[in-house]
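The chains carry the letters A, B, C and D, assigned in the order they are written, with residues numbered from 1 in each.
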Amino acid sequence: MCGVFGIVGHPEAANITYLGLHALQHRGQEASGIVSSDGDKLYAHRAMGLVQACFSPKDLSTLPGDQAIGHVRYSTAGGSHIKNAQPFAVDYSHGSVALAHNGNLTNYENVRERLEARGSIFQSSSDTEVIVHLIAMSTQDAVEDRVIDALSQLEGAFSVLFLTPTGFIAARDPHGFRPLCLGKLVHKDGNAIVVASEPTAFELIGAEYTRDLAPGELLIVGGGEMRSIFPFEKKPAKACIFEYVYFARPDSQLGGASVYEVRKALGRRLAEEQPVPSGSGETIVIPVPDSGVPAAVGFASAAGLPFEMGLIRSHYVGRTFIEPQQTIRHFGVRLKLNPNRAVIEGKRVIVIDDSIVRGTTSRKIVKMIRDAGAKEVHVRISSPPTRWPCYYGIDTPTRAELIAANNSVDQIRDYLAADSLGYLSLPGLAQSVSASRTLANLPVLKDPVASHCHACFSGDYPVALSRQKSPSRPPRHVSS
Amino acid sequence: MCGVFGIVGHPEAANITYLGLHALQHRGQEASGIVSSDGDKLYAHRAMGLVQACFSPKDLSTLPGDQAIGHVRYSTAGGSHIKNAQPFAVDYSHGSVALAHNGNLTNYENVRERLEARGSIFQSSSDTEVIVHLIAMSTQDAVEDRVIDALSQLEGAFSVLFLTPTGFIAARDPHGFRPLCLGKLVHKDGNAIVVASEPTAFELIGAEYTRDLAPGELLIVGGGEMRSIFPFEKKPAKACIFEYVYFARPDSQLGGASVYEVRKALGRRLAEEQPVPSGSGETIVIPVPDSGVPAAVGFASAAGLPFEMGLIRSHYVGRTFIEPQQTIRHFGVRLKLNPNRAVIEGKRVIVIDDSIVRGTTSRKIVKMIRDAGAKEVHVRISSPPTRWPCYYGIDTPTRAELIAANNSVDQIRDYLAADSLGYLSLPGLAQSVSASRTLANLPVLKDPVASHCHACFSGDYPVALSRQKSPSRPPRHVSS
Amino acid sequence: MCGVFGIVGHPEAANITYLGLHALQHRGQEASGIVSSDGDKLYAHRAMGLVQACFSPKDLSTLPGDQAIGHVRYSTAGGSHIKNAQPFAVDYSHGSVALAHNGNLTNYENVRERLEARGSIFQSSSDTEVIVHLIAMSTQDAVEDRVIDALSQLEGAFSVLFLTPTGFIAARDPHGFRPLCLGKLVHKDGNAIVVASEPTAFELIGAEYTRDLAPGELLIVGGGEMRSIFPFEKKPAKACIFEYVYFARPDSQLGGASVYEVRKALGRRLAEEQPVPSGSGETIVIPVPDSGVPAAVGFASAAGLPFEMGLIRSHYVGRTFIEPQQTIRHFGVRLKLNPNRAVIEGKRVIVIDDSIVRGTTSRKIVKMIRDAGAKEVHVRISSPPTRWPCYYGIDTPTRAELIAANNSVDQIRDYLAADSLGYLSLPGLAQSVSASRTLANLPVLKDPVASHCHACFSGDYPVALSRQKSPSRPPRHVSS
Amino acid sequence: MCGVFGIVGHPEAANITYLGLHALQHRGQEASGIVSSDGDKLYAHRAMGLVQACFSPKDLSTLPGDQAIGHVRYSTAGGSHIKNAQPFAVDYSHGSVALAHNGNLTNYENVRERLEARGSIFQSSSDTEVIVHLIAMSTQDAVEDRVIDALSQLEGAFSVLFLTPTGFIAARDPHGFRPLCLGKLVHKDGNAIVVASEPTAFELIGAEYTRDLAPGELLIVGGGEMRSIFPFEKKPAKACIFEYVYFARPDSQLGGASVYEVRKALGRRLAEEQPVPSGSGETIVIPVPDSGVPAAVGFASAAGLPFEMGLIRSHYVGRTFIEPQQTIRHFGVRLKLNPNRAVIEGKRVIVIDDSIVRGTTSRKIVKMIRDAGAKEVHVRISSPPTRWPCYYGIDTPTRAELIAANNSVDQIRDYLAADSLGYLSLPGLAQSVSASRTLANLPVLKDPVASHCHACFSGDYPVALSRQKSPSRPPRHVSS
C-alpha cells in the first residue's frame, strides 16, 4: 500500500506536500519522496524512512515551485531499496515527467516483457516503471494524450499523479480500486488544487474536501484551468472494501462515508451476527488498539457491555527495535501491547480486532489476555476470514501463509486457543458500509457486495493477474 | 521525570534491563543508560534518545554480568546533554559505584556548595552528582553505611538504585514521593530480584510484582540475600498524586492500585462534580488521546453518554518533526491530533483531558473541535487546576507560565474559548484514588488528601525548597 | 576522471574489487560501487564517498559470486548524486547487464536525442546511461554483439567494463584515450583475470600485470576462456598524455612506462628547457607535494641543486573541512600546505608543480613561500600551459577559467607574483614520455607528440565534440 | 601524545583554536575539544574523531568569547571514550575551570589514591582528572595559587593550559618534557596571545612565534597583562628527544631548532655512522614516507647517492578502513604504502625510517621492497634502538613488545630479513640536534645527551614512575 499527494497553485507546494504526506504516513512508512516543479524544471528528493526523517528544512528548500507531487511507500518484504522510492522522475523526448503511484498493475510482467523486447531498460523492480516507458514510447504528442495512451495499456489498480514542468494529471483506474480524492486550499494568493489518497490529508493543511475522483476519471490541471475526462472503457466500480476495515485512517472518509462510522457499524453488526455465548461473570469488550477501537465501541454499545482498554499500546516501538537474543526471545507483540490486568482479571473478555492474517499475533494476544487472568477469551473479527492475496496494491502474504485459506473457523479458534471466534459476514460488512453512506446522505448502493472489491475475502477478482513471466525469458533482476 | 530499573541474579541482566527500560520509556525519552556488573567491574553505556536507539546488540554485548541498573531520562528544557545521562558511574576510594535516580533533591544547592567548599568538583548540572560525592566522602566503611550516610543528608524526592561490583541497593525517600516497586523473575537458573519505577516493567519481562518499596525503605541485595531496613527518620507518606492522573502508564499499579481504574474513577467523579449543562442536541464524550481515554470511559459511563474517539492521534510524530516555515506555521498539536469530523459534527462535545498546563494546547484542541462542526465544546479536566511547580522531579514550567496560577477557572474557560470548563476537586481526586485502592483490597487511607503530595494543585509542599545559591558565590556552570 | 576494476574467476570477487578500487581511489573520490555476479543474478551496491566509507563488511557480504566490476567516480561540479554513481545495472530483454565507464562520450547528446525520439527514458544525467540503452535496443542476439553494436555508435573516450550474470567484457575505445590494463591473479583455487585502469591496483591484490589493452580492443571472458577482438574501425592511438603528468599514481605504469620515471624525466627536461636564471645566494628545488615530488627530484638532480621539502602537506584535510567564517577566511591551500620556513628562509627557491589551472592556488603558494622568507621564487611547471578543456573524461574548467587560455606566460608570472615562470614544451613532454618507454624496453614511438592526446595543451582534438542539444528540444533534466 | 592550543584576546577565539588544533592534528586523532570563555562562563564542546569532524559551524557558534583552549587527543589502546576527551571542564567552589593537558603524570596513582581517601570521585581513567581535584582542594585563594599548589604536587610531564571565565594560565613542568611555545597574533582589534604545542599552529593562523616556554615556567594572562613566574623547584631540562625524531611536524621548531633540519642532520650523521656496505650495482636511498623523508634527503646527500620515492603512500587510508576477511588478509601496511617497482627493481636499496617499534611493519616493508625486485635491502634507522617504554606521554607498547628490548641488532636484522641494519647512536642523535641549534643561532648545549630525555633509548628515566596501586585497594575502574 502507498499514499499519494499532489498540489497545484501554491507558493509553498513542497512544504504543503510534506505535511500532506505526513497525514498519509499510515499508508507507507518505508520511503517517501517529493517532486516539485517551478514551471521550468522538476526537482526531486527521495529517501528511506518516515516523512519527517526524509525531509530536512534544507531538503525542502531544494524543491522550489508552485506545484508538487509526493509519495509514501509501504515496507514490503524484499524490495526495500531507494531505487524503488517514488515519485519516479525521468527525462524523455518531450521533456521531464514524474509520477507517484498507489496500486498494482496486474499485467505488469506482460507489458514489461513487451517493452524490453522493444529495447527498454529497467532500473527498478517496481511496476511503476512501465508507466513512464509507455508514456515515452507513445506516438501521441500532448502529454495528456501520452498519459491516456500509457494508462489504456495497463490493467489492475492505479491511483496515480503525474507532474511535468508545466502540468499536473491525476488518474484513477476504471474500477477505482484505490481511493483518490480532490480538494481545494484557499490561501492568500489564490486557490490551490489538492489531490490525495485520503481526505485526512486535507484536514491537516486546512484544505476542503471537494469529492472523490470517480473510477476511470482523469483530471488535468494546467494553464490555470482544470478539466475532467473519462478516456477509458467504463468498468464496474470496485472500491477496495478493506480500506474501510483496516487501511484508511479512522478520521478519513472513503467515497464520502466516514471510516470511523463504518467501523463502529461493523462492530454493531458483528455483535448481532456473532454474539457472545451466554455465561456467568462480568463480561467486557476490549479492542486491539488502535485499529480495533471503533469496532469495539460499536460492539460494546450494541451488546450493552462495557468498553474497556484492556490492552495498552506502547507508542515507542519503532521499526528499529532490536530484540536481544538468547533466553529472552520472541517478544513481538508484547513490546507493543501490554495487558491491563486490572480490567481483565476475572472477566469474560471479548476482544475485537479487524482481521486475522497469519494468526500468530492473534494467538499471542489471546495468551496474553488469558495470562492476565481472563476467565474466557472470545475473539471477534470485524471482517470475513482473509483467504486470498490482494493483487491490487495491498502487501499480503501468500495463500500458504494466510491461516484462513487453509483452516476452518473452528481450526483457527483452536489455534488461537480462544473460547470462541466469530467473523463478520461479507454481506454484513458490505451492508455496514452501505448504511454508513446513508448516514452521510450518499446515494444508496444497490448491491453493496458487488460494488466493492472483496477478493481478499471471496477470491472473486475483478481483474485477473497476468504476471507470469514467459518461460523462455533469461534470468534477470539486479538485486541491490 | 525519569524511570529506573534494576535486576540482580540473572545471566542476561543487561538485556533484561534494556527491556525493562523500554517498558518505562514513557517516563523519559531524552536519554537512557545501563550499568552492569560482573562481580568484578562495572560496565556502562549511555546515549541520547529512545531506549531502542541507545542500545545496539553490540552495545548490549559490552555489558556483561548478572546484575544491572538502568535509567531513562526525561527531556528537560536546557540540560539536554550526554553528561547528564544516567546511571552515573564513578570510582572512589572503596571502588566503583553507579546510581540511577528518579526524583529531585530540594537541598541540592546547599549540599553542593558545602561539597565544593570541601574541594569537590562537579562535572554535570544534575543534582544526582552530589549523591556520589557524599558516598565518597562518608567516613563509614561498608558501602551500605556510606549510602545511608549520604542519603541521610539529602532532602526531597529520591527513588534511587545503586550498583557496585558486588552489591545492589534500592532506596526510597522517607516521604515516598516517587514510586519504586519490587518483583521477582523466575528463570531457568534461579530467581532474580527486580526493582522498577512501575510494575508495568515487570509484565514485559515476565516477572511478578511483589510489593512497593515503603517510604524510607532501603533494600540491600548481595551475597545471595536481600535485607530491608529503614534507616531514615520516619516522615508522613506523600506519594505523588499526579502519577495517578497523568504520569504512570494506565496498565501500571501505584501503591497496589490500578492506574487505569483510578483514572476511570476520576472520570466518574468528574461527571458527578462537573456535569454537563443541559442543552439540546446529541451529546458525546471524547478523550484527548491517549492519556484522557480511561477518564473519558469513566465519565461517559457515569453520565450515560456515548464514548467516541473524536480526536485521532497520529503515531508518527516523533521528536524530530520539523515544521516548514513561512505561511504554514504553528501546526503543533495538529500534527499529532486530528478531529474526527464524522462524530463531532453537529454534536455537543465533552472533551476529557487529564490536566491543563499552559493552556495553549487545550485552546488549539477546543478550536479544532469547534472547526470540525461541534455545536458546543465542554472541557472537563480529571484533576484540579495545576497552580504550582513541582519540586520533586516533574519538569513543570514556572508559575508565570501555569495558566491556572494566574487565572480563575472562568478566565481559563474564556481563554480556551470553551462553552464550559470544569476541573475535578482535590478531595474528589484523592477519594477516587482511595476508592480504587479498596477495589484492590488495599488498606483504607484515613485521610486520602493528606496521604499524598498534591503540591502542584495546592501549593502545600511537604519539603521546602532550599535551592537558592549563596549570593557570594562566583559565577559558574560550564555550558556544554 | 574515474577508475574501473574488474575480476573474473575468484571466489571473493567483490572483496578483491573493493581492494582494487581502494588502489584506484586517486581517480575518483565522490562515489564508488561494485556489481557482482554469481552466475545467475547481478548484485549491486553503490554509495557516495571514499571506497572505505562506501562498503561495510555487511555490504560486501551482499555481493556474492566469482566475478565483479567496480567503479570510483570523480567529484564533479554539479552532478554529485547517487543516481550517477556507477556501475550502472539494468534489466533488459536479454537479462541483466552492468557497466563501469571511465571516459566521456563526445556524441552523447546526439545519441541521447535519437534514443529519446525512439521512446527511451533517462534517469541520470550521466553519459554512461546511453550505452545501456544502445545495448538494449540492439538487434543483435549475443551480448558480445550487442555491446559491439552499442560501442560502434559512440564517439569519444571509453574504457569500459561490462558484467552480465554469465560473462564479462572489457573494451577500450579506438583511440585508447583512457588507460586500461590486464593482469592475472593466481589463487589457491585457480587463476583469475583482472582488469583495471592502472596496474597499481594489481600490486595491492598480489596480481601480475600482463599488458595494456590495445586501443580498440574488446576482451571477452566467459565459459572459462578469454578472447580478444578488434571490432572497431582502426584509429590512431591517442593515449592521454596528462595521465603521465598528473592523474595516474606515480607507482603505476602507463603503456608499460613508469609514471614516476616519466615525471622525473619531465623534471630533468624542464631543468634544461627552463633553467633558473643565475643569481647570488643558495638555491634550492622544492616540490608542491605530493604530485610535484618526482619532477622536483629530476629537476634537482639535472640542475645539480639540493632537493628539499619546502612545503609540508597535511594528511588530515578531508573534503568535509569547513572553514569558519568572518575575519579568518580563504585558508584554502594553507590548510593543506605549510611552508617549511627553516629551509626556505633566505634562499632562492625553485618550486616545481605539474600544472597551473586557474592560477589561484599557485599564486597562494608563491605568496606563502615568499612570506616564509624566500629571496626569490621561481615557478617551474612540468607540462605546457593548460589552455583547453578536456572532452575525454577529465573534469577541467571552461576556457574562461583557464589562466593560460587568456594570458601569456609573462602575464601569468605577474599574476603569480613569481620572479620567473617556466613551462615545459609539448615536444619536451612527449619526448620525455618516449624516453621513459625506452627505459622499459618498450618500442620506440616514431612521433611522440602525435602518439598522444594533448588537446588540453594544444587544442588539437582527435575527436570533435558534438554535444550541442538541438534547439527545438523541450527543457528537461530532472534535478535531484 | 596530545596537542594543546590556547588563545587570549581574539574576538573569534574558538574559530582560531579550531584552526590551531587542525595544525596540531598529527599529535592526536582520536578526539578533540574546545572550551571558550566569554568572561562570565565557560562553553565546551568535545567529540571523537578528527578536528574537522568534531566541529560543525554550528558547534563553533556555541563557543563564544575572546579566549579559548583546545586539545587533540591521541588514539590509545583501551581508553578511547568521550569521557577522556579534553579539555576537562568542571565547577568547584571558586567557579569553573577547564584544562588541556599534554603529558603524563608519573605519580598519578599515588595522588589519586590520596584524593580518593579524602573522598574524591573519579569519572574518567585519564590522569588529567587529578589536576582539577587538586585545584579544587587547594587552600589557596587565587586561581593562580591553586594551580601552582596543584602542579607542585605532581611529577612527570605536563604542558598544560588552564582557562577560567576570567583568566588563562599555561604551565610547563620543571623538566620541560613536552614542548609548549608562545606567540602573538596581531588582528584588527588588537593583539592576541597564543600558546601551542608546536609553532606550526601559529603559521596557519598568521601568528608569530615568540619563544618556547621555559621548563618550569607558568604564564598567567588576565586583566590585559601577561606575567611569567617560575614557582617550581628548578630541575634539569629534559626535553623529549623523540619529538625531533618522529613526533613533531617537520615544519615545526622545537626549542627554536628546525625539526626538518634536525632530521636531515640525523640522516647525514646516519650515513657516516652506518654507511652502506660496498657492493656492485646501482644504489638508491628511499624514505619510508612521510616521516622518513627528511632523514633520507640528508642520508642521500651525505652518501652521494640518489634520493628516490621508492615507496608511495596512499592518502586515502583512514582509521575506518576495514579489511575483508578470509583469504585476503593482513594487508596492513600495504594499504598505505606501495612499492614503486620502476625505481626499486634491480637496485641496492637503502630504506630510511625513523624508528622500529615492534618490527612487524618494518618486516613487511622489507619484504615489499624485495618483492618489487630490489637486489639488496639495507635498513637505516635515524634513531637508536627503542628499548624502553615512555612514561611521559608517548603511547608506546610494553617492553615485551618492543623488538629492540629483547633482541640484538643482528637478531632484528634477521627478523626483518634485511641485508643490513644500522641504527644511529644516541650521541649521534643528540649532537645532530645540537648542531641544528647552532644553525638557528641558539645557545650551544654543553652536554647534548644530558640535555634531553632519551629514556626510550637509554632507560635513563629522569623521573621514576610511581604508578603502582596499593595492593589493598579494592577493584575499580568503570569500563565504558
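Basically, a contact is a pair of C-beta atoms (placed from the backbone, for glycine too) under 8 Å apart; a residue touches a chain by one contact, two chains touch by 3 or more.
Nothing here was measured: the structure is a model prediction, and the numbers come from that model.
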| item | value |
| --- | --- |
| Interface residue overlap between copies subunit C and subunit D, same or different (over half shared) | same |
| Far-end chain from subunit A, centres as C-alpha averages | D |
| Interchain centroid distance [CA atoms averaged], subunit B/subunit D, Å | 49 |
| Cα-centroid distance, subunit C relative to subunit D, in whole angstrom | 37 |
| Whole-Å separation of chain centres (CA-atom averages), subunit A against subunit D | 62 |
| Multi-partner residues of subunit A (at least 2 other chains) | none |
| Chain contact topology (line, ring, star, complete or other) | ring |
| All touching chain pairs, where touch follows the definition stated at the start | A-B, A-C, B-D, C-D |
| Footprint of subunit C on subunit D - complex, ascending | 11-12, 15-16, 18-19, 22-23, 25-26, 29, 50-53, 55-57, 60, 187-188, 200, 203-205, 249-251, 253, 258-261, 290, 293-294, 297, 301, 306-309, 312-318, 320-322, 324-328, 331, 334-335, 338-343, 440 |
| Residues of subunit A touching subunit C in the complex | 35, 40-46, 82, 89-96, 98, 113, 116-123, 132-133, 136-138, 165, 474-480 |
